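So that you can tell them apart, the chains are marked A, B, C, D and E in the order they are listed, and the count of residues begins at 1 in each.
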Amino acid sequence: MVFLEQLAGNLIYGAILGSVYGLSTMGLSLIFGVLRIVNVGHGPFIMVGAFTAFWMFTLFGLAPIGSIPVAIVLGLALGFVIFYTVIRRLLNAPELSTLLATFAIGILLEEVAKFIWGPDHRGYSWNIGDVDIGIILIPYSKILAFISSIIIAYLLYLWFQKTKLGKAVRAVVEDAEGAATCGINVRWIYALSFAIGIALTVASGVLVTLFVPVGINPYMGHEYTLKAFVIAVLGGLGSPWGAFFAGFLFGLIENGSYTILGLIPGVEPFSLTRFVAFTLLLVILLIKPTGLFGGDSK
Amino acid sequence: MDKILRVEALESGYGTMQVLWGAEIEVSKGSITTVLGPNGAGKSTLLKTIFGLVRPWNGKIFFKDEDVTLMPPHKKVENGLTMVLEGRHLFPNMTVRENLILGAYSDRAMEKMNESLELIYSLFPRLKERSEQLAGTLSGGEQQMVAIARALMTNPEIILLDEPSQGLAPKLVMQMFDTIHKLKDEGLTILLVEQNVFASLEISDYAYVLNEGRIVLGGTIDEIKDSEEIKRIYLGV
Amino acid sequence: MEILKLENVTKRFGGLVAVNKVSFSIEKGEAIGIVGPNGSGKTTLYNLINGVYIPDEGKIFFEGQDITNLPIHTRAHLGIARTFQIPRPFNSATVRENVAVGAMFGYAKASVDEALAIADDYLKVVGLYDKRDAPAGKLTPLEKRLMEVARALAMKPKLLLLDEVMAGMNPSDIDRLINLLKRIREEEDISIVSMVEHLMHAITKFAERVIVMHQGSKLLEGETIKVLNDPRVVEVYLGKKLES
Amino acid sequence: MIEKYSSLLPVMLIYAVLFLIGISTPGMWQPVAFIMFYITLGQAFNIFLGLTGYVDFGYVAFLALGAYGMALAFDTFASPGMGFGIIILGLILAIIMSSILSLAVGAVALRLRGAYFAIATIGVNEGFRYFIEGAKLWGGSEGIIISGDMRKMFGREMANYISTFVSDVLVFIIAILAAIVTVMILNRKMGYALMAVREDEDAAKVMGINVTKYKIMAFITSASFAGLIGATAWTLKMTYVFPSDVFLITYTVEAIVIVMLGGAGTLLGPIVGGLIYGILKYYLSIILPGFQLLILAPLLIVIIVAFPDGVVGSIKNRLSSETARKYLR
Amino acid sequence: AQQQEQAKPTPTQEAKAENTETLPESILIGGTLSMSGKYSKEGQMSLWGIQAAIKWVNDVHGGVSVGGKKLKLEFKYYDDESKKEAVQSLVERLITSDKANFLLAPYSSGLTLAGAPIADKHGVLYMSHGGASDRIFDQGYAYVVQTLSPASEYQTAFIDMIKAIDPDAKKIAMVYEDSEFSKAVFAGAKKHAEELGFEVVIDKTYPPNPQDLTPLLQEVKAANPDIIIGGGHFADGQLLASQMADLKLDAKAISILVAPALPAFYEALGNNAEGICGPGQWEVGVKYSPESAKEAGLEYFGPTQDEFLELFHEFAGKDVTPSYHAAEAAAAVLAYVKAIESANSLDTDKVRETMNNLHFMTFFGEWKIDPATGKQIGHKMVIFQWQGGEKKIVWPKAAANADPYYPIPTWEEKAEGKKAVKE
């Protein structure tokens, strides 16, 4: 009974965390889908979002949810600047050269953050109460993180499917030259997608702090980069919705497997949960080499 | 007849390799003008440079008497010039209908979207049947139809067509030329590149011969048809 | 001697039957044309013969050996070569290296040095010798196709499958290429060449026998002129009768 | 025959110069060793990434296993009677362990393409690390420290000598071997096969190339070199292995950066890339301690924008002279 | 001050005669610091601490007296980026090009180990101020000495404290990072706890950089422990506290490694930090002073705490409170100076030998090493507790400036604003 209750509690938290993982991966997936760029500097953008939430809260008392728009604006600005200064020049270069560039951009963000804000591990406490659902206590702030992730993901979905610009992005993904003949400004779509991808990532940084309101520091991104990669692939690269659901799944697996692994004597079950999560990734890829929701393998 | 498109001393290429060496052509409104030439002469490059997918190095391009040399492709579409690329370039994971609707992306096209759709479905009744099928699963011929139809959706005044008959079964090739002719009757101007010399000359009003990046011959269809140049290039004599 | 035999070969993509119970055989030394409307399954047939796809049903024999389930590269070693409808050069390598790869790993199994020499020979044959040190990616679509022909020939295949090599080629070049293929077929030990083409003057000049595909099935098979004048072929494929 | 190996000349020249600087200038040996670590890492990685076009993000796992191979040799077999045999044993273990892992990973993951492969291999690396920690394998998260064993076996002087000189010389040797192996591969059919795989794997199959075989061969070769680097530049030199230190994806990314800086698939590329990266890092950390990454990052961006094909790659593209190309591969 | 120093009759008279070394103009201490990368916080703190100590030595102490001369003390450092590859080359540079006389080891056990062979090869002393692992000192390095308390002792003082104030507390839960350092800490803690008769009801780790500790904490909650000890580094330590609050996982006392030592901990957690304890090598407010040295019969060396704080603020700025990383680094510098002066020599072996017999006190606490291994055995950990927004030292009694607040307020009470201060 205790076992099941703990499992249920873990899964609930896993789902909440998973939704945040999912959102934080959508930007990575979008950028890969449109520009074929693997953004290895992904994590540092999450860090920027986390610091945004922190400063908005600390300096202006702005509720972290309220800093999502701020993060989006900041992310868009960062995205456009980076696109027009660096990425644009590498669009025709070999694919991996953008990897080098995003690596360098990631380092730059980290070091600039350290330079401005120092290496401290910061955090905020935004206490708005919690709800006892019988099995486990859940702070409202985490519930908000969950709901906001879903709303943002859904808004992005609507934008993609329903708006003209969203369709243009899809068109560019499928055939850029063909899109040009339809009167679509391909260069602008690249810039926009990159900026939106970055904005999403920065915004997800805000939500990350709703789940983990502490430990905000210049180097916090690494862990997320790695997970985002794995989740993006699990969901099928280039498919932002796939990424969202895969994030969900990842959160559930990470948390859910703990209760079961805990039954094995003489091991460190928590470390093994990560082993399980990564192994599952491999298994899924073997069964479906393009991820759960992936199309082509290029 | 007034010249809707004029190209003066156009030079362009890829990287450091020059392909076009001062190409000059004129296209009259409402005509079909064909550019002929051996493989690798630079015909596709000429069309892509006019449309703006390849950056011009030198020379001028006038569209409706406006200098559009450096205008990016999407603005040209907005002004009524579009292109059908060699090899179709559809959006394979979208339905036929979605492909067509994206053709009406520009403001200019939006206004006339419904009319354009009607025209297209009357020209290509088959596309109406297939409207919900994913473009990538169509056969080669159907794909070529979608490519042309999508270009028509932009509500163009002139279409640059690059080898529309390539890879089509003979029966479809004939249909394709019929369609091009019909488009002209609808008032469209067409700049055509074709390897199917004889069929294309049959429907054209004017023709140019491009060789090694230069226009070596140009004139009305009757002047061109019997020229030595054509025989030399195409019949190997 | 029968070099290739297909028995009731079927290939499906989801609900679509791209190739439907097709059987035919080809004798050593034949020149075959395969025609049919767009989407009738010609390229898929090639993909089945050289191993890109494995048939859902049916069997394929090469020189009497069952090759239905052999991997692609093994079939190449046995002597099957092909070109692609949409050319697939090794872009960053030079034209010469591209062709040499064919000689090294195909039926020819040449050493590196031999392969480079073979490459030069065939580049002369197709007229690309001047461009042999250019990166293959810089060629025009047509030159790429010619390079693919050279690359396939350098494999010294027993069976050569050409997929719309001549689309977009001007008439005089087509004639030249056909003569060249005929000559090579005679001079070298290439038993048969199969050619998919929509250009009827190319087919009539080259093929002794044609196979007509329609909606995934074999519609007809037989002597070129006779088959192409068959009313059914005119109806589904040609649209009007061939002149001459 | 010699002709074909002429491209090794500039490589060996660079190594000779580095070596001479290292042994003749006081205080320069370790900096040279530091740079050599990056060069060798780039070279080993290039055998796979450069030649096949496959990006293995989990590459560092092979270094890690090599490091464990050497550590386990000391941890399990340390006895005075072993002498230098134990280092040989460690190197052999390193090769065996890293190549077994590469075989397993290759057999499974090499079926995947592009970014899927790249990221599946991250899974392997992370999975393996957490397996070691979670299952408390090989000391679990506490790792293995061998300095004590080394000192007991060889005595203080010799142990120091091994960690501060012999291990670096071994890295030099690995680098030279890697260069020779790279050229040998390039000159043989294998080089052509890998080129074809890199450019178009499906077309390569049609040419008769057994792509799986060649990919695995390149993968194992590259992984074995990685294992050797881990065993020498990490375990022998640092005298310890902690899982949290050796399974860091950062090293893979650095390897990619080095290869891309120099030019993927070229022989000289990773060497030039390693030189640029290593020298920049070393001197920046001396001139501007604490700010070196702040300077390094924009510099990397500038270099890659100026040389999108890598420094060597871009120079090669611009060179027309045949003789010059012969030495630049 | 300088003159007074010289006038003092010390054993230097005797030693002076023996000293035949040609002395340099100044003494250089070299070190690699982690100014970027994952240890950059610790690296920055260490730098300020070192700079403060050097300044004291030169300006207040008047330099290092050797052979009758007063030598200036200098410090040179490079950034190792928290990465092992960089350490050896930078250490070698310090030794050969910069001619450093003595070395400070980098932060963390791994980096300390990485540099040890180079230091040992050149026969230069290599003092660890951030490498806590006991295992470093099992390797037989003669020139590696330690200034801070080793990892195995980090949580033992806290257990002593609980034993002293609440004999009824029995059940201890341990949740900590699966890493080399924390494992050593909690292995020591577990042994100690069991010796004192505690029952360890949970002994579980979590992997580095966790985002969610719920699974583990639910298990802890179910075990209903009296005491919870745990942690690893900054981020996970903060997360541990934050999620205990989320799940209202109450205990009578909580001690977390590393994270609570920094003001950022209280800033991040706000009132939830109230009552949380942590082990520290040192804290602002510890009562090590010339007086307490006298009581213990030890010599006091170096600045008083107030002097140190003043110097520290000169480098770090007024608003920065030093963490123990600053103090232990400063103490390492002071230990060198003390040893050099006692040996009256710059010779590594002489200084090292002298160290074996040194037992003195600085503002950081006692300093005494195990002669055989170089491991620190004199220094004692302190336990601090966040009380009313301030870090108070509550253990050991001798160093304490406040009483432990026990049992700590529940999370519920803390959410309502209750602080860990007696009314």
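As a working rule, a residue touches a chain if its C-beta (ideal position, glycine included) is under 8 Å from a C-beta of that chain, and two chains touch if they have at least 3 such contacts.
What you are looking at is a predicted structure, and each value in this text was computed from that prediction instead of being measured.
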Response to the item:
Co-neighbours of subunit C and subunit E resolve to D
Discussion item. If each step moves to a chain the current one touches, what is the fewest number of steps from subunit B to subunit D?
Written reply: 2
Worksheet, complete the sentence: Between A-D and A-B, more C-beta pairs in contact link A-D
Discussion item. Farthest chain from subunit D, going by the mean of C-alpha atoms per chain?
Written reply: B
Item to complete: Compute the distance, rounded to whole Å, between the mean C-alpha positions of subunit B and subunit E.
Response: 76
Response to the item:
For the pair subunit A and subunit E, the C-alpha centroid-to-centroid distance in angstrom is 37
Worksheet item: For subunit C and subunit D, what's the span in angstrom between their mean Cα positions?
Response: 43
Worksheet entry | Separation of mean Cα positions, subunit C and subunit B [Å, integer] | 30
Response to the item:
Residues of subunit C that touch two or more other chains sit at none
Worksheet item: Hey, what residues on subunit A touch two or more of the other chains?
Response: 111, 222, 268-271, 273-274
Worksheet item: Residue numbers in subunit B touching 2 or more other chains?
Response: none
Worksheet item: Got a list of which chains touch which?
Response: A-B, A-D, A-E, B-C, C-D, D-E
Worksheet item: Residues of subunit E touching subunit D in their complex?
Response: 33, 35-36, 40, 43, 77-81, 84-86, 88-93, 95-97, 110, 113-114, 116-118, 120-121, 135, 138-142, 178-180, 183-184, 205, 207-208
Discussion item. List the residues on subunit C that touch subunit B in their complex, please.
Written reply: 16, 35-40, 85-86, 138, 140-143, 164, 167-173, 175-176, 198, 200, 236-240
Worksheet item: How about subunit A: which of its residues touch subunit E in the complex?
Response: 2, 6, 9-10, 13-14, 17, 111, 114, 118-125, 127, 130, 136-139, 142, 211-220, 222-223, 251, 254-255, 258-259, 262, 268-271, 273-274
Discussion item. Residue numbers of subunit E touching subunit A in their complex, please.
Written reply: 36-38, 40-41, 43-44, 178, 204-207, 209-212, 214-216, 218-219, 222, 234-236, 238-239, 241-242, 246-248, 259, 262, 264, 267-272, 415
Discussion item. Considering only the defined contacts, which subunit B positions touch subunit A in the complex?
Written reply: 51-53, 72-74, 77-78, 82-85, 88-94, 98, 101-103, 105-106, 108-109, 150-151, 153-154
